[in-house]
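If you scroll down you'll find the structure; I have some questions about it.
Labels run A, B, C, D, E and F following the written order; every chain starts at residue 1.
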Amino acid sequence: MVYVTRRVSFSSAHHLRNDGYDEEENKRIFGKCANTHGHNYELEVTLKGEIDHSTGYVFDLKVLKDILKREFVDIADHASLNDVPALKGLNPTAENVVVAVWRLIEGKMGNAKLHSVKLYETVNNIAEYRGE
Amino acid sequence: MVYVTRRVSFSSAHHLRNDGYDEEENKRIFGKCANTHGHNYELEVTLKGEIDHSTGYVFDLKVLKDILKREFVDIADHASLNDVPALKGLNPTAENVVVAVWRLIEGKMGNAKLHSVKLYETVNNIAEYRGE
Amino acid sequence: MVYVTRRVSFSSAHHLRNDGYDEEENKRIFGKCANTHGHNYELEVTLKGEIDHSTGYVFDLKVLKDILKREFVDIADHASLNDVPALKGLNPTAENVVVAVWRLIEGKMGNAKLHSVKLYETVNNIAEYRGE
Amino acid sequence: MVYVTRRVSFSSAHHLRNDGYDEEENKRIFGKCANTHGHNYELEVTLKGEIDHSTGYVFDLKVLKDILKREFVDIADHASLNDVPALKGLNPTAENVVVAVWRLIEGKMGNAKLHSVKLYETVNNIAEYRGE
Amino acid sequence: MVYVTRRVSFSSAHHLRNDGYDEEENKRIFGKCANTHGHNYELEVTLKGEIDHSTGYVFDLKVLKDILKREFVDIADHASLNDVPALKGLNPTAENVVVAVWRLIEGKMGNAKLHSVKLYETVNNIAEYRGE
Amino acid sequence: MVYVTRRVSFSSAHHLRNDGYDEEENKRIFGKCANTHGHNYELEVTLKGEIDHSTGYVFDLKVLKDILKREFVDIADHASLNDVPALKGLNPTAENVVVAVWRLIEGKMGNAKLHSVKLYETVNNIAEYRGE
C-alpha cells in the first residue's frame, strides 16, 4: 500500500459571508475575509493503493492532474470561489472546498482509493479532508 | 553601501480590464485575468545606504515594515486592488502596483535611498521597479 | 470531520545539554548543538472537528493563531528556549517543544480536538506530537 | 510517542520503462518519462518512538541522516536510479523508491520504529510508504 | 522602465564531460557531475521595458512563457541536456545553459529588452547571464 | 560574463546591542533583538566572470562552497555570531555580516570577481553587499 500525491495550483477570489447575518455580524465574524480578496491556492490530493508492477505506479499522476483540472481547477482558477457550482450555498472556506473537491473526484480513480484532499490557502492556513 | 530588503505578504483580488475595450477585446487581451480572481502577493522593498555604526543597521526593517503596512499593505490586503486609491485609473497589473508602491513610499526612509520595489504575483510572475 | 492547520513562525536560540553529564559527554552526545545557536522555527498546529455550517469553519484560525501566540510564541520568539518556563527542566529539543506546546494549548479550542503539533527546526529536522 | 523526520536531498537521473513492452507502448504509457531525465529529489524519513529523557531525542537525526546517506543517498545521488542495486528489476518510480528505501533502512534505528518514507520527485509529485 | 520576470520549470538529465580529457581527468574535475544525473531546473527570464498604458503590461508573461516553452523548455524537459541542439559542443553546465537560452530568445520580445536569464540547478547552485 | 551563485545555510544565535547604550536604550532601539535569539541563515555568494570553455564553469561552485565553509560557515554555524572573530566589535546585524563575509573571501576566487554577498536572516529580512 503506497500513497501518491499530486499538487496543483490555482488563483481565485473569494469572500466569506453568511446571508442570514447582517453586515455588522458578517464583519464581526469574518473580519477582513468578508471583503472580496484572493489567494494562490495549492491543492494536494493523495490516493492510496497497491503498486501496479507493470508500471511501478499506484496511479498515473498525470491522469490525476487531468481529473483535478477537469472537475475543479479549470473552473475555480482565475474565477471567484463564490461562483463555483460545487460550492453553491456554501461559504467558500478552505474547509468547504476540500469536502467539495473530495465529492467531485471520489470514485474516479479506478482501483486507487482517495485518501486525502488538502488545501493551502496560504502557507499559514491549511485544511484537509480524509473522508471521515 | 549595503542593500536591505523587507518582504511583506498580502492577499488581494483583482481583475484586468481596459474600459476603452469591449467585452470581447478584454477577454482576448487579458484572458482569464479579466475575471475577478486573486493572489497571495509577496512584496519585497529594497533600500540602499551606509551602515549606521551605532546600530549596525542601514535602516530599521521593522520601521520599513510599518511604512509598507501603513502606506499600502493594510489598504490592499483582503481587498480588491481595483479599489485601491493609489491604483485609481490604472489596470492593477504587477507592473502598475510596483510603480504605485514606489511613489507611495519614496522619500519616507530618511537617509536610506529607495532602490527597488519587487512584487511576486505568484512564484512564476514577478515585476520590479527601480525608479529608472 | 475536517483537519485545519495554522502555521506560525518564531526565531529563538537554544543549546542542548544534560547537566548530569560532564562537558566532554555533552559535546560527544550533542555535538555542535551543545553550543548556543538558533533557528527560524515553523510551528504547525492541526485541529480536527466538524464544519460549523453557519461559518464554514472548523475553528477560526485567527483565534488559533492568537492562542499560539499568547501561550507560547510571544514567550519563545526572540528569546532562548532554554529560558522558556514551559520547557523548564527539559532539554529544548524539537521533541520536547512539541509535547510542551501540546500541553499548553490542549483543551483551549472549544469543540475542535487538538490533533497534531509539528515543529520544523530547519527544513531538514522536524518533530511532531499527536497526543499518543 | 513522538514522530521525528529527517529530510535529505539527492539529484538523480531516471527513465521509466517496461522491457516487456515495445517502444511505442512504453511511450504511450510513460510519455516523456520514458526519456532519460532527472530530478532534485527530497526524501523525508519519519521515525516514531518515546523521548529519551537523558537527551530529549527520539532518535539522533544526525545518525538517521548518516544511515540514509550510507544505505541509499550516496549511491543514488549524481547517478541514475535505473542503475541503483536496490531498485534492480523495478521501474524507478517514486512509488518503488519509497518501498526500496524502507527495506534498506528498516530495523536499523534501534528502539525507534520506522513510520514513513516519503519522496518528493518534484513539489507536485510525491509518494509515501508506511509499511502497510 | 519596469522589469518583468517569468519562471518556468523543467526536469532534465545531464552529465559534465570534456571529450579532450581522459576518464580520470573528467572524474577529477567534474567529480560526481561526470555521472549521468538530473535536476528540477527553475528558469527565470527577465525583460525590461516601458509599461504599455492600454494593458498595464511591459510584456504579456503568458506570451513569454510560450516563447520559452517553444524555444527551449519543450525540448529540454524530460530529456538530457547533453542532447539538446542549442547546447551542441558545450558542456551543459548552468553557465552554458543561460547563455544558450539568451541566444535562443533574444530579439523575440518586441519592444521589451531581454535583461537576464537565470537558472537554478538546485536551490544552492545558480547561474545568470545579462548579455554582458 | 556570467554570474554564478552558491547558497549555504547556517544556524546561529545572536543578540543586538550597543555597549555605549544603557539597558533601556538598547531595548528601545533593538526591541526583542536585544535578547539572545537565533536564525536559520541562508547566505548567497555571487561571482562574476568569463566561462572557462574547457569546463563550462565560471568557477567551480564546490570550491566556492568549501571557501565559504572554511572562512565563515564552519565558525558561525551552531555558534553565536556575537563570538565570531570576523565580527569582533560589530553588532552582528545582517548588514555587518555581509560586509564581514565579503572581506573574508575577497581575492580568494582566482579569475572570478566577487560580485555580491547576500544574507537571508529570515525570508522577510535580507541584506546584500556588492563592494560599493
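Here, a residue touches a chain if its C-beta (ideal position, glycine included) is under 8 Å from a C-beta of that chain, and two chains touch if they have at least 3 such contacts.
Since this is a predicted model, take the numbers as computed values, not measurements.
Steps from chain D to chain E, minimised over paths through touching chains, total 1.
Shared contact partners of chain C and chain E, listed by label: D, F. Over half of the residue-numbered contact pairs at D-E are shared with one candidate from A-B, A-C or C-D, namely A-B. The mean-CA centres of chain A and chain F are about 41 angstrom from one another, to the nearest whole unit. If each chain is reduced to the centroid of its CA atoms, chain C and chain F end up 29 Å from each other.
The multi-chain contact residues of chain C, meaning those touching 2 or more other chains, are 31. Touching pairs of chains, sorted by label, consist of A-B, A-C, A-D, B-E, B-F, C-D, C-F, D-E, E-F. Of all the residues in chain B, the ones that touch chain A in their complex are 9, 11-14, 31-33, 35-40, 77-80, 122.
In the complex of the two chains, the chain F residues touching chain E come out as 1-8, 44, 51, 54-58, 61-62, 65. By the touch rule above, chain D contacts chain A in their complex via residues 16, 18, 20, 29-31, 90-96, 98-99, 123-130, 132.
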